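Which chain is which? They are A, B, C and D, in the order written, and residues in each are numbered from 1.
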């Protein structure tokens, strides 16, 4: 094949290659900042805690904020500040891993079902619909009974509970993209399903899938405390933030900081995750 | 019966009252009490204010809404199957028992006119006459025989099958008298017959959902797991009461929800509001609390036949490692009495007062653990919300252990199926025992070698012999001495540690009166319906 | 094929799929329950569960038959409309579930009536004034509302409105629901707590769907015919966004039947969700299966309704 | 008193914000007038600002655009000074709009009648029944079939041409003073286009309304406009009467537009392979369709028993109107839609029906290029990845060699090398189609199936693409199967032409002689429907009514 060299005659000016701009507004930056802060707390928190999380430091339960107990004490008289630092590792860690597992699983299966279609898509959709029919409580109990309770089991159970929802969402998006001509051209070229999914479909559904991940993250943080109360996963004296709120709930009527601060921490984490995702650097965002 | 600390005066009461109102924290209160020398351990919780109901004249009428704390589709009106407090309350309102335990724990006659025996082995029960069931059928000995006999039939699944099995023969002598022959002499039969499960039902009843009994109320609405309504029995055989026109009973499992329902006036009486809501209730003048220590306790069980319980010194070490004050204060907010590792509660007349509880002595515990070679090895403590405050106790024990290098791992397991899968089976676990009126029942149920609930597999012939001897003797002096010694044996040798006896706290509107405490449990031994009345 | 025949085949196909899903769910629930330790007899006897007592009770309740046979027996019964009798209290399951299902549906109904319109209005408003202050506050609000734990919201509501202010009854069930005002007062708090949870998803999906339809040529055409913004959204954009919105609403409402255990516990509201918790706790197989069936049927009906709504709102699919 | 102009636009400047936030001016000072009853055409390539100007007459600006300076007067209204509320009042009653693709401009979930008379509801003009009657009257004037009942149907139950005329009715119902036609016939087939143009002319003449006709197709505008304004890059290049612009253009750009019209005769290249070698492509009794198979045949049968051959180095054109099955033919050959009967042979070797079983070599030989470059290029991938993939997939070229080859491909299609870092959305229509073509060339195929690749482009850009195809054919000895509904394009590039109608080949004839020796009646009808660059053509056109009834789908 001879290379055809020819000065370009077309009228279009060859503009210099502009690096893709990443305009990232301040709301997104705040969100990212808070997430990184809690990420650091999750890693270094327990080491910084002034008191061991389980130690009963003061007889006076639900004591107000004071010099030596910055966020007061909980229902057993343990230092709330150290318990929140300890809780960060569980809530941030478990929830992030679980939501990533649930969403990656759901998105991949969704895309495969959309691309292969036919009986595979029908059966998989029905199976995961049936999954949705089983209440999460029964799920948690069976997990504890079957494999005993540990952090990995807790993560897998959470992921399994939220995978069907993410599957359903991703599949609907992927079915749309699948009808586009660029997918047909790739298919005509003889590309296999893995290439179609990884390079043609996934980049185009990334935006909405991330937004869905943000919302699912919020639900997982809350269900996480429910499952721990069932005796699945985080064992005393440790606890995730949701469990901290639940075990100190009677402090609510006394306005005890022990119940208010974990709720605030949960709120800041979940809101910042969603603020970040809703305002992702526009370059990625615009593609969807 | 709640005992007041001996030197407790009205003035102290007022002082405690205004200290709390000024927001004094619990620590200041403790310091103040220590200074004034009021003995803490002498029973009676610090914050308890025994409000003696001024002897007002009861008024009839009004309908009461009360709430218990646990309910499920397994709610039943069959006394034999009753498991939850909700069942007991409903049964007490529609049935009667042969005998009744009063506030002081003494036996009073109810359906029975007289229960007599000269050798504590063959007993003669003569019934009162003129008593009819709600459906009009008169009460006869056949009903009593049927009601007692059915506990032996496994198909009924009676909760007191193991206790009833000692009644080898139950027969009707004539229309008004019943003969009961025991397999071995037991002076406590009248007290046993006061248990809730021995309520008298009509002969041949199979469908218990109608609730046909001789009690003070007639069952009107019964929705298992939801609610029940009973109305006053117009021709009740007792001269006095019931005062209420009707009682609606529901169950609210969430503690704070139950307290809030009481405070917002949706319900008039909330059973077992839990120690943690005390601070909220204190400030309310429209609500009153009633505290009673009935002998319910959560205990730490260490199987003597399994590692680590089988290591010499481990059990004793754990008994020294239990910080009883910490459990009393943090886990129960002071609403519990320090226990001395034996099951007979202070409110029971056979309680051995000079058996002192072991002090919290971590150093001694450490020495014992070193001899047992257990320092550093991981020891799991199985706890669950099914056993009241067991998770908190395990956490407190875990912290105490950490300071002396012991590595306790708390396994919180679901309360679902706890009693069948973990209780009695795990090497170190927590149990929870409901109050029983007599030491004989407690020891034969929990500590005898062949006891069905031998939590720590404690086996001792000497102990078994003393149990039978005490059971048969009618001589009070001798009986009390034996029971005192048995309590010391259990406290030293048995694999169970009982840090505290839990006080039950009920709360009701100030308009409700007539409530007294009862050894069979809170809510006046669940029989409040018949005795309480409402101001108009 | 004539239009009606095609739609009939579509409906028949949809029903067959729903049945298939139901069967899968009931087998999955059966195996899940079988894996749970202990059985009805043990649980009922609780602490008094001595081996002989358990054996005796099990035999009396007819539980000695292998579980699979009992399950298939129950399925056969279901076909003829008999939900079987509860192991625990020998009452027919239908009777046990009956009024609790009505309670659940009533609560779900009132919550739907409150949260769906509010969510749609907020969603559409956020879409119409996209990027404005209103849009930003709505999205921040929805996220912060659902990130507070549900039991916290419910308990706080009871504390403020029932205990301190005394306006509303703490227990919604049993409070006299004679007059409409009393009924609204009784249902206010559980409905508010539930609406907080389910409206986030609906608002976000409505906003996305309406934004998508606003950018279509026919909406621009309406503008060019002089239509105002309100008419443009309501008459032209919304009808074509009904499909995805109906789907989001269906998903959120399916939560109202099975997922409301916490609200039912705190407001002591005897619904089907709490019944399922009891059933699992007492290993009452017929009751568990029936509750699971109800959750699954409601989930499938809602989804099928959403699909039908999508088809109806788009004549092209209607043939 | 001289007739005061209906519309006068003075020094109009319109700015727009690009997605990277830069402010750019797209209309740079435009002045023109429209007299009452006069039809003015705005001509120019896409991106010349013609639609933006037309919309600005209605005071409407697309998202991101805004009027910076200048005044627009419509009748006694000063549009630029009016509030959005006031502007909405004049839309539909003073000035109305006929959309480019009527199919997309009708709300799919509403009946046609409701949408047509919606203007009366918005501006609460005379009562509903009166409006309906006037609508039916307009339908009849626009020669729509069964005017009384067509209103009850939904948009998807009516053909493209009919929808276009309905959109005209929608615009005229409010009897405005000015009607804006925004390229109404580009998406239509040639035969339907004539019907629509005739309908527009008759209605406009009767009601003496003024009109603004926006298009890039000079031949169409020559039939309908009184005056023509030529636009480029947001500035007016030339303005004059239709006569003067068509016959005596003064501005070089106008000349260039006209030049793109006269067909450049195509000289066949010497056929490289002699009679003994098997034809490059042979299609034997091919039948294909969509839908679930019943008894070996799909529910919707499209192609029926198609046979033809294509020798190496020659180009085969496939012409036919929408619904004739020409795109399905391309997809069947490429294997995207496996035929249920018949065979496709390349170089004498039969290809398996579906893609799955074809070897990589077989797949490489034939490449397909689609019409809409927007959906044919993955928006998420830079040009480098799009062009690089076939190189890696077929030839295993990677790294530096691949980048060099990508630059070569870009140069082949006359695009700057720097373009490889850009995303498809940053390119113009013409550039995207060139990338589309470069991707096909990456596989170094022998045959390229072009499915309407120039229909979505302006005439000038389309002409450049055709020129490029010819050059590539000379250098790379390619063959094309060129599918189009535009006869002049096919004549410019193909050696032979297949005329298709309702899934069958009605005639095969050499491209050069197509306009003169077409035998089959349908071919004749097709050829005669292509508008010529002379103003009197439409008026003088007589077509055998019986032919029209049988073939053109009204």
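Criterion: a residue touches a chain if its C-beta (ideal position, glycine included) is under 8 Å from a C-beta of that chain, and two chains touch if they have at least 3 such contacts.
Not measured: the values here are computed from a predicted model.
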| item | value |
| --- | --- |
| Farthest chain (mean CA position) relative to subunit C | D |
| Chain pair, A-B or A-D, that carries the greater number of C-beta contacts | A-D |
| Inter-chain centre distance, subunit B versus subunit D - centres from mean C-alpha coordinates, in Å | 88 |
| Geometric centre distance via CA averages, subunit B-subunit A, whole Å | 47 |
| Rounded Å distance, subunit A centre to subunit D centre (Cα mean) | 46 |
| CA centroid of subunit A to CA centroid of subunit C, Å | 24 |
| Touching two or more other chains - residues of subunit C | 36-37, 155, 159, 163, 280 |
| Two or more partner chains touched - positions in subunit B | 256, 416 |
| Of subunit D, residues touching subunit A in the complex | 19-21, 334-336, 355, 358, 360, 363, 367-368, 370, 372, 375-381, 385, 389-390, 393, 408, 411-412, 414-416, 418-423, 428, 430-431, 434, 439, 443-444, 464, 471-472, 475-476 |
| Interfacial residue positions of subunit A with respect to subunit D in the complex | 1-6, 8-10, 12, 14-18, 20-21, 23, 180-182, 184-191, 199-200, 203-204, 206, 286-287 |
| Contacting residues of subunit C [partner subunit A, same complex] | 17, 20-21, 24-25, 28-29, 32-33, 35-37, 136, 139-140, 143-144, 146-152, 155-156, 159, 163, 200-201, 204, 208, 251, 254, 258-259, 261-262, 273, 276-277, 280, 288, 292, 295-296, 299-300, 303 |
| Subunit C-facing residues of subunit A, complex | 27, 122, 126-127, 129-139, 141-142, 145-146, 165, 208, 211, 215, 218-219, 221-222, 225-226, 242, 245-246, 249, 252-253, 259, 263, 266-267, 269-271, 274-275, 278 |
| Residue ranges of subunit A touching subunit B (in the complex, touch as defined) | 52, 54-56, 58-63, 75-77, 141, 144, 149, 229-232, 235-237, 249-250, 252-254 |
